[in-house]
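Following this line, the structures themselves.
Two complexes come next, and they have one chain in common, chain A, joined by chain B in the first and chain C in the second.
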Partner chain A sequence: MLKGRSLLRRNFAFFKLAIVSQLEYRLNFFVDAVMQPLLGTGVEVLLWLGIFQTSGPTFGGFSMQDYLAYVIWSPFISRITSTWLYEYKMIAEIDNGSINGLLVRPMSFFEYYLSQFLGYKFFTTSVSLVIPVGFILYFRLPTDFSRLPIVLVSIFYFLILVQMMSFTIATFAFYLNKVYSLTAAKNFLLWFLTGELLPLDIVPEPYRSWIIGLPFCNAVYLPVGYLTGRLSKEIFLRGFITTTYGILFFAVAGIILWKQGLKKYVGTGA
Partner chain B sequence: MIEILARYGRIYGAFFKTSLVSDLEFRANMTIRLIVDFLWYSGQVLMFETLFRHTDHLGTWNLAQVRVFMGLLFVADGLYMLFFSINMDSFSENIRLGQIDFLLVKPINSQFMVSFKKADTSKLGNLLMAVAWMIWSLSKLGDWNANRLFWLIILIPSGLVSLYAFRFFFVTLAIFFTNSANVQYIWYQFYHLGMKPDSIYRPWIRVALFVIAPVSLMANVPARALMDPFNPGLYLASVLVAAFFLYLSHRFWNFALKFHSSASS
Partner chain C sequence: MIAIETKGASRVYKSYTKQQGFRGSVRGFFRRSYVEKTALHPTDLQIHSGQIVGLVGANGAGKTTLLKLLSGLISPTHGKVLALGFNPFDRKKEYLQQMSLLLGQKNQLWWDISSRDSFALLAEIYSLDRSLTEKKIAEITQALDCESVLDTQLRRLSLGERMKMEIVGSLLHSPKLLLLDEPTIGLDIVAQTQIRNFLLNYVKDMKPTIILTSHYMDDIAQLADQLLLMSKGRIVYNGSVSKFTNATKKQKLVGFSFPEPLKGPQKILNVNLAQGQQIFEVEISELELPQFLSRLTLLPGIANLTISAANFEDEIRDFMQNESAKV
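Coming up: the complex of A and B.
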């Protein structure tokens, strides 16, 4: 019991640490939490308004209102479910040897970064949520706000998978020099597979079904589709199962690579 | 003047050689970076190819024309990534850690030093992919005048200069704000707008992307020179805009340096 409480207290401290670090450079935070989603949404809206100017009233079976709702939610949600910052930090810890200082502490490397990652995402999401909500209400676009709480739960559940993937990638730093480009490779792949690049509705079959069978569409396509009424509850809830499979897969891969990596790792100098 | 240019050319040659040696040291990383860029290009191609499954035109261009536009975009992007991007991306961190001071004390132009000290030689592979795509897309274009390729010799460099100057403005903000990593995302959003055929935008946005945030010059103006009716006024204007932004970037850099205080060295 005491152990569980101390675990919670410790992780809450990591959670708060991420929030405090974010507020250290306020302009940077303002851009991250407000300007980025605002501009990202603005750019996507401009692009789809342009497409509809030349394509007619519907596109791939959906109206302009449907696409606008999708592209307003999509950059917001993809920003929550994508990660560069903490993955780079984890790789850097192993790469430059500063991980030594973390290994000797009474905590795990994984929980240290997971709690910080969740703290950072929780805080920036809370601040920037007002932007898509504002856009949707202003333009009166299709969104079922009663679905928002369950969608946010699914997104934060997906973040555990995101962190598992980051952890697995970071462990490659035990074996290879300079693995930062793996992060970029993963994020570009996710760019296709999550539905961030394009709504998956307009992707031809059988590719669409293949992509929906993977856990990655839970990052953007399923939550946005469910929120905007394009997808049914059954398809959305199936996403929890595929996310769980993804978490299990990356947990096993990450643990194996971590254990083998630690045996190989020689901590000198740092 | 020629002597100064030759000197800077020699210095850049040395930077490039050092960068190549350094990149070849981590070959696995270099290979993954090539794969990443291949994925990025594939993403752009996939996006437009998928959109054209549902429409015949985007703005004023059809699929064959948009493919040529993408070819020019990839070439311009490849050159930008090869020469500038890596230096711009690391600038904010260099300011925060105080490493910029080492560059400022070198006996050459400081803007040149911070903008060109490293080349990302893995992007040479991008350029090859980009040129291959462009040749293929031009072969599918049908009726076009090969003499117009001449304009690319002027318009691609001028597009690159304006892109660099505009980015350099954002990068320089790090001197005032110390950590401006996220500010760079604002630039990326403009860049994102420049990566689409500008004829899909409303006229006022098109004008803004030409003279206020000159990202259209990167691929849209060269693509127009190849595929749209001859328009010398547009070509001259893009050269002038590039020169003006380069001048502004230099003035802004000199102004910002007055506020620079070493971070930690």
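Coming up: the complex of A and C.
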């Protein structure tokens, strides 16, 4: 009981650390949480408005209203579920040896970064949520706002899987130097597999079913589809199960690589 | 009671060797060659609770490798390491709760937040009582004269202030084992003295086991009661500081001058006095001192004769040079 309480308090402290660190650099925070999503969404909307003006009332079976709702929610949600900042940080800690200061503390490297990652995402999401909501209301696009809370829960559950993947990739830094390119390659792959690049409905069968069977579509495709009313609750909730499988898979891979990696670690730079 | 024990503990590092130049880089891309380097040869060591051990050696002697093994950052290639009854590499929370590692050349507090926020975070990590922690922070920062910068972001502090904060952070959980790697590196003489005096008082009160590495021999001479000298991955001396100074060949510094520069070169025993020089300071072994003085005083016009003991740093340096010269 006491252990559980101190674990919670410790992780809440890491959660707050990410927020406090963000608030130290006001311009960086403003650009990250407001300017980037605002510009990104604005450009997407303008681009697709232009495409629909020339291509006609539908595109790939989607009406303009449906597509605009997708391209507004999709980058917003994918911004939450994609990561490079904390993955780079973890890789750098191992690469330059600053992990030494963390390894000698009575805590785990994984929990330290997971709680910070969730704190950072929670804070920036809370602030930038106003942008897609504003666009949706302004253009009167299809969105069932009563579904937003459960969608946000599923996204934050998916973030555990995201962090598991990041942790697994970061452990490669024990074996090789400069593994940042793995992050770029992973993000490029996820760009497609999550449905951020395009709605997965456009992908031909059987590839579509294969991709939807993977947990990655829980990052963008399922939450956006459910939020905009194109997917049923049953399909959406199935996503929790695939996310759980993904978490378990990467947890096992990450733990094995971590334990073996620590044996190879030479305590660089200390 | 034994706080630290190693039995045949050794560590070998494997590293990639890059051939010179562009062609070497291309060749290395396809076929890499590795070399193994023994950073620590099989080492048996026992350190008792409450001892302050000065760990001294040239760069690459194996000091930091030994500290990394004791802190659990790396595992021994062969042999066993026990610290406070734990295998450090298991990283049991019970062990980490009682140990602290301070790396003088690395920040361990958080760069983007104030030291006070960092300490609050450490209090949560170590499950410390908040009010007791605040009291402790006030005591230590006052002793180190750095309470005025507690609320300043770490990145905005000077090197000395930062190091003092790192020391506060490393002591918050009252560790039984304190591993200090160059705690005064790069600091001015005032900050060095402050930290040294603080540690002296701290060990008197708290009696932790300390292993201290430093390139400043004053740190070792004033703080340590046991000396571990390392050379090329081996412990070449393990004993008390006083025994070391008695065991090594005692040197004396003899200073003297002449009314005017020497008109021709002179030689007394093995010491050459150069032509044209007027003031001298030479190092003589204690055994040769009487003979040297009897011959020196025969020289006309000798004045300002002083004799002093060579300092600890000189003795360590001579010892290490002799050890390095051995194959």
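A few comments on the model shown:
The criterion applied here is as follows: the second predicted complex is superposed on the first by the 268 of 270 C-alpha atoms of A that agree within 3 Å, B and C clash if a C-alpha of one lies under 4 Å from a C-alpha of the other, contacts with A are read in each partner's own complex, and residues count from 1 in each chain.
Assume contacts are C-beta pairs under 8 Å (C-beta built on N, C-alpha and C of every residue); 3 or more make two chains touch, one makes a residue touch a chain.
A quick note: this is a predicted structure, and the numbers were derived from the prediction, not measured.
Of the two partner chains, chain B is the only one that A:Ala185 touches; chain C does not reach it. In the superposition on chain A, A:Ser55 makes contact with chain B only, not with chain C.
In the superposition on chain A, A:Leu27 contacts chain B only, with no contact to chain C. Looking at the shared chain after the overlay, A:Val203 reaches chain B, while chain C stays out of its contact range. More residues of chain A are touched by B (comparison of chain B with chain C). Touch criterion not met for A:Lys259: it reaches neither chain B nor chain C. By the touch criterion defined above, A:Lys233 reaches neither chain B nor chain C. Taken together, the two structures place residues 24-25 of chain A in contact with chain B in one case and with chain C in the other.
In the complex of the two chains, the chain A residues touching chain C come out as 6, 9-10, 12-14, 17, 20-21, 24-25, 97-98, 100-101, 103-107, 262-263, 265-267, 269-270.
Those residues of chain A whose C-beta lies close enough to touch chain B in the complex are 24-25, 27-29, 31-32, 35-36, 39-40, 42-43, 46-47, 49-51, 53-56, 59-60, 176-182, 184-185, 188-189, 191-192, 197-198, 202-204.
Remark: chain C residues 13, 64, 67-68, 71-75, 91, 93, 96-97, 99-101, 103, 105-108, 110, 112-113, 117, 120-122, 124-127, 153, 181 touch chain A in the complex.
Those residues of chain B whose C-beta lies close enough to touch chain A in the complex are 26, 28-29, 32-33, 35-36, 39-40, 43, 46-47, 50-51, 53-55, 57-59, 177-183, 185-186, 189, 192-193, 196, 200-202, 205.
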